[in-house]
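Dropping the structures in below, format is structure tokens.
Two complexes follow with subunit A in common, the first pairing it with subunit B and the second with subunit C.
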Partner chain A sequence: MTTAAETRPYRSRSRLQHFMIQSAPLLLALIILAGMGVLYVVLFYRQLSRFPGNFEWTSVVNTSMPLVFAGVGQSIVVLTRGLDLSVGGMIDLANGLAATHMHSGAGSMLGWSLLVLLVGAAGGAINGVLVAYGRLQPILVTLATLSIYQGLAIKVLPEPGGAVPIEYTKILANPNGPTSLVFVGFIAVVWFVFRRTRLGVDVYAIGNDEEAARAHGVRVRTIKIAAYVLSGMFAAAAGLFLAATTTSGDATSGDVFVLTSIAAVVLGGISFFGGRGNAVGTVAGAFVLTLLINVLFFANIDPLYQSFFQGLFLIVAVLLGTLIRRLVGLRG
Partner chain B sequence: MTSGAESITAEPRWRQLLAYLTPDRRRVFYAFGAAILVFVVGELLHPGFASAESVKAILVIASFVGFVAAGQTFVILIGGIDLSVPWVLNAAAILLVTTSLGRDGRAAQAVLLTLALGLATGLLNGVGIAYFAVPAVVMTLGMNGIMEGLSLGLSKGLTCSSCASYAPPAVQDVVRTDVAGVPADLLLWLGITIMITFLLSATTFGRRIYAIGNNETASFLAGISVRVVTVALYMLSGLFAALAGIVLVGYGGQATLGMGDPYLFQSIAACVIGGISILGGRGHYLGTVAGSITLVALVSVLLAENMPDWGRSVVYGVSILFILLLYGRERRQL
Partner chain C sequence: MDASFSADFGEVHALVGENGAGKSTMIKILSGVLRPDAGTLEVRGSPVTFRNPHDARALGVGTVFQELTLMPWMTVAENLFLRNEPQGRTGLIQRRRLAARADEVFGRLGIEGIDPYELPAGLSLAHRQVIEIARALLGDPDILFLDEPTSALAEQEVDWLFALVRSLREHGKCVIFTSHRWGEVANLADRITVFRNGEHVATRDRLTEGEAVTLMTGRTIDRMYPERQPVADGLPAALEVRDLRGERVQGVSFTLRRGEILGVGGLAGQGQRDLFMTLFGAHRQTGGELLIDGKAQRIRKPSDAIRQRMGIALVPEDRKTEGLMLPMSVRDNLTLAVLGRVAFYGVLKPRTEQAYVRRAVQRLHVQTTRPSVQEVATLSGGNQQKVLIGRWLIAQSDVLLLFDITRGVDVGTKHDIYELMMELVAEGKSLLFYSSETEEMARLCHRVLVMREGRIAAELAGEAADAEAIVAASLREHAA
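Take a look at the complex of A and B:
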């Protein structure tokens, strides 16, 4: 099984080579994003004989934002070799709280946004404590809390309805221009810093080898709780963006994010076995999934077949990733 | 550590029993205990809840979860998971009614075709996971989407002319008629339970499943064809999801869209309540049977309580957490 590339001493790789191998999954995610973007533009042009303009790109960005946030939160948990299925319930809850309680006025909007993020953090903390101190499997804990948060969301907003102030929509999901890209830039910068903090390094360490991390003095339980708290907060933020985009609330609209957030993480090149990957890839994955729906639309594909192509695309993308990783000699 | 040879010859009976009750076997008893507890609480809250008729009705509904969870048990035992069950089940239900058109004469071939569909999707899942190293979560998630798209697309959103057909009376009878006072469906479940128990405990195939679940590398080195077994287990999972689809359409009469959705989380929860470790290698289908009954009985109690939707959802989640904390915990590390 050992090839020449693997037995070669570490130093003999140039910095560029090393960087390329380390970032191969991220690069693949960005290449898929670029390819999907080109496909979208081509199909759009073929249908309408013009290029997608400000309106179209704005709509792509705004519809992607909730998934971007849910996916980034999911990424942090997946990096610790966990899984957070409760993001769907948390998005429902955040969405419901925003739609029922938020009024126009800077104080109400800011106050409720912060409160919703706190609720997200609290929900994440429950997951984290049960995983870290309860010694339960993440998939089971978050399966149970998904049900709990979904229930609370229906309690808050029994029927679709409610409204978020128009100013709030303008800030988070401005319909007149892709200003929400600011938040994407913000996530990229925060991730660049996070990766270099003690917390970020510890998250990767746990994902790579929990026992080794513990032996090196990483406080595994605390870090795991922190990862779930962050995931809960990002899911709550996703719920706020969803409320801003749809300008109203629906206590079940977050449910799809359980699966799409995992799909975004996978397309972003983050390893399901923990410790490998970059949340910027997840952001790319979220945009790919949104663009895919547009591509299918402009390719005149019956919307009923939408999930068929989404499922097929997910599997093919992962197969492609495995193939490329084997080609560049990076295992896993 | 008991001392010397005399303790082997003169082992008290209660100690033999204790040795037989390994933690894994004890969990099966806990799970049945939980099921009985739910029925007792239900009877206290609503006299008549534990009557024969009510128990029979609950067991029939539990059998649907039990069928799906049988397949889930197989894949979880090797540390995998099957997220494709909702739409494999739904596609199976649609295929059954559209090919049989409600006629008994076509029932047999429709049932066989439907079961073949389950096996085929399981084959694809298994090959992707075992031979192409796609993570089980991703492969089966993608397959769920593929089956959803195909079901919706080919049946035009269940508006096709044959989509409104009923299940053949013969299939409906399996669920609805009683044989010697017991619904035929429960006899089917009993038969399947005995077969799976035999398969897991008394065959080399069963021993291989546990071996792979405990240590895949060691199993490979011991000469087990891990990939072939993996593919076989995902095929079984597909088969049981399709079977659940057939039985469910026999129970309800017609196929509906989204009829498989509740069965994903319920099948996983039934396995876990039954003491099957999500990491693989530990647990037994008998536990899953108890888990399915516990789960469905719990939901029935909550329904009888007239609890609102949101309350049911919360209690459901809290109960699963409670059961997990009781016996689903992993060993302490360092």
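Take a look at the complex of A and C:
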């Protein structure tokens, strides 16, 4: 039903070019993941003269899962131009609660899982209210609540110990196969839906320009609180996965996630200025960080120097990202 | 602020007044962004309260705000339908359909040349403004507020907008707009309401420009444009540009004499902005030569331009993002470019700094209470522009690149800026001047260069450089 007078829609670049430019950070994260995977396989083969098998891949997947969840939660907050340092304390707390209270039996496992997620939501709500209504800097608020949640975790589980039911480990961190990848698929679906909800649009809008978002009727404070609540819940889920993987509890084992969750977000190509990025990139970033530890191990690097090389890698990866973005002509 | 006015359906109503008179505040209240301290608001004769922008939209109010509100990292289509996205049966937003829907909207509104997949940063200021307008029209509003809609638009888009507004009026809608361009107000408005210092001064069907200026400013300005002094002969050129090339600058040559105001005209987006940015070192120069005070110089970055013996300074149109540090004080903004000169081995000398600041503030009539503490963000647009010019006066720049500096500035301040320009050239400074208002260029410049696709297409001097001639020269190629 086109008439002769009708002009074709204007396109300044091809659809593919637009896609490449706008998805460059995500694509880069996936490329780094692929590269790291190849490096891992090569180094593994050089050391052991065989390829990594089911056991090794399962181990990589299971060790990555807590970071995957913590990173996705962190992503949502970073997209609003915030930061959640309290994920570490929340993982400690969730881990401690699971290790001390959960018993075998579907009821206990399900009940305590939901309860722990609720604790995560409540902790996130405290962060969110302080940030949104208290107008405090996210880094200050969550630095304080990090300590508070760590303290609560120590109260719940004063010294390492406790146990989670073996069935729970089988469900969340099955040692016999990488079935936890189901949860990665789950996150991808959740993210796909999230981006297509009003909440998702509002989160990105706030990160783009908070004032403009307000002028468009976004309820900025409510959405910020929602972002921190989601981050708290994802951190709690990370704590549950951590408990399942280690089969016991340690109220300090979550602390490392403060920095690694941020590193995963960075590697995933999410902008710290908010409003740009994709949590699927963060998932890739989480796997990259786990693989990196394995790569360093098989490269015979003294574990003492591990964090040195982790830092070096992070800087190189971020520089590479900036370089590529400049090459494809994306500013910022 | 204390003001009342009313507008009918099928009417185009103009709100005029100086910056800070309360027009934007009024529009924000009427769109639900700000809440009134007191008073009532009636829509279709019944009283309403807007708690947020959503309430206003629900009652058929659409608004284009003065500040652009596009999301920098969302595509044109995502911006256009922000919080208004097409949803499928599942209730999920159909991101795939956004671009096609945007094409539909652009087609219906007669908008051409905007790619829905582009990011706002890749668009001209005019196109960004066009998207804001298109977005306000999406909800098919009965009442449309346009706050300074034309300040970012070039003439062809202004014509587009006017046709649109007239068709809305024919369809019985109510359009309320603000503008600092008198021609537009006279041309478009059925009724005009004048604000001064937050008070409603008058509402009239007809007003002459002189009457309006008197009502707006409370003073009589007998002539808008000051007298031009001829450029003295025999002085060496301040700036000579030979075959300059850079991003969207395709070989530009001209000479800027001392004490001259040289206009750079043409349709919007013909590389004028890029020329200014290249001369200032903010865009990369890829070819050609630059002679400053007769000597070839290479400018790679803005600090090179500032540091020249005859310094080159840029006063950009988007002063909020490219020129001023909004949360910093007037003083800090003024002395930013000369910190080396007011410091002793890196430590600031407060007294020297203060002296510089005092002189600039007095010279430019910047309306500020305490320059050392008042944040630039709290100044009106015109005063912000003066601070920026003041910075380069302190830096003793001899060549000023003035890019659309009167955009969104009220009559009184415009007048001050024109007089300041004349004073500057009388002192032997040289100005390269671009304005989106051709009339300004015709009245102020000694010569006008017309740019087309990154090249100088014509040069008009003296009496020949009137507004019609500039427009004609800008359009010549396009008509053919």
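Operating definition for what follows: the second predicted complex is superposed on the first by the 322 of 332 C-alpha atoms of A that agree within 3 Å, B and C clash if a C-alpha of one lies under 4 Å from a C-alpha of the other, contacts with A are read in each partner's own complex, and residues count from 1 in each chain.
Rule of thumb we're sticking to: contacts are C-beta pairs under 8 Å (C-beta built on N, C-alpha and C of every residue); 3 or more make two chains touch, one makes a residue touch a chain.
Because the structure is predicted, anything quoted here is derived from the model rather than measured.
S.K.: If we overlay the two complexes on their shared chain A, which of subunit B and subunit C does A:F272 touch? Say first, second, both or neither.
M.R.: In the superposition, A:F272 touches subunit B alone.
S.K.: Identify the partner contact of A:V201: answer first if only subunit B is touched, second if only subunit C is, both if each is, neither if none is.
M.R.: After superposition on chain A, A:V201 lies in contact with subunit C alone.
S.K.: Tell me which partner A:L152 touches in the superposition: subunit B (first), subunit C (second), both or neither.
M.R.: First partner only.
S.K.: Of subunit B and subunit C, which one touches more of subunit A's residues?
M.R.: Partner touching more subunit A residues in the overlay: B.
S.K.: Where on subunit A do the contacts from subunit B and from subunit C line up?
M.R.: Residues 211, 214, which sit in both footprints.
S.K.: Over in the complex, which subunit A residues touch subunit C? Could you list them?
M.R.: For this pair, the touching residues of subunit A are 6-7, 9-13, 15, 18, 22, 193, 195-198, 201-202, 204-205, 207-209, 211-219, 271, 275-276, 331-332.
S.K.: Per the contact definition, I'd like the list of subunit C residues that touch subunit A in the complex.
M.R.: Going through subunit C, the ones touching subunit A are 33, 52-54, 57, 65, 67, 69-75, 82-83, 85, 92-95, 99-100, 103, 106-107, 112-119, 121-122.
S.K.: Spell out the part of subunit A that touches subunit B in their complex, as residue ranges.
M.R.: 83, 130, 134-137, 139-141, 143-148, 150-155, 158, 210-211, 214, 259, 262-263, 266, 272-273, 302, 304-312, 314-315, 318-319, 322
S.K.: Taking the complex as given, what residues does subunit B use to touch subunit A?
M.R.: Its residues touching subunit A are 81, 83, 128, 132-135, 137-139, 141-150, 152-153, 156-157, 265, 268-269, 272, 278-279, 308-314, 316-318, 320-321, 324-325, 328-334.
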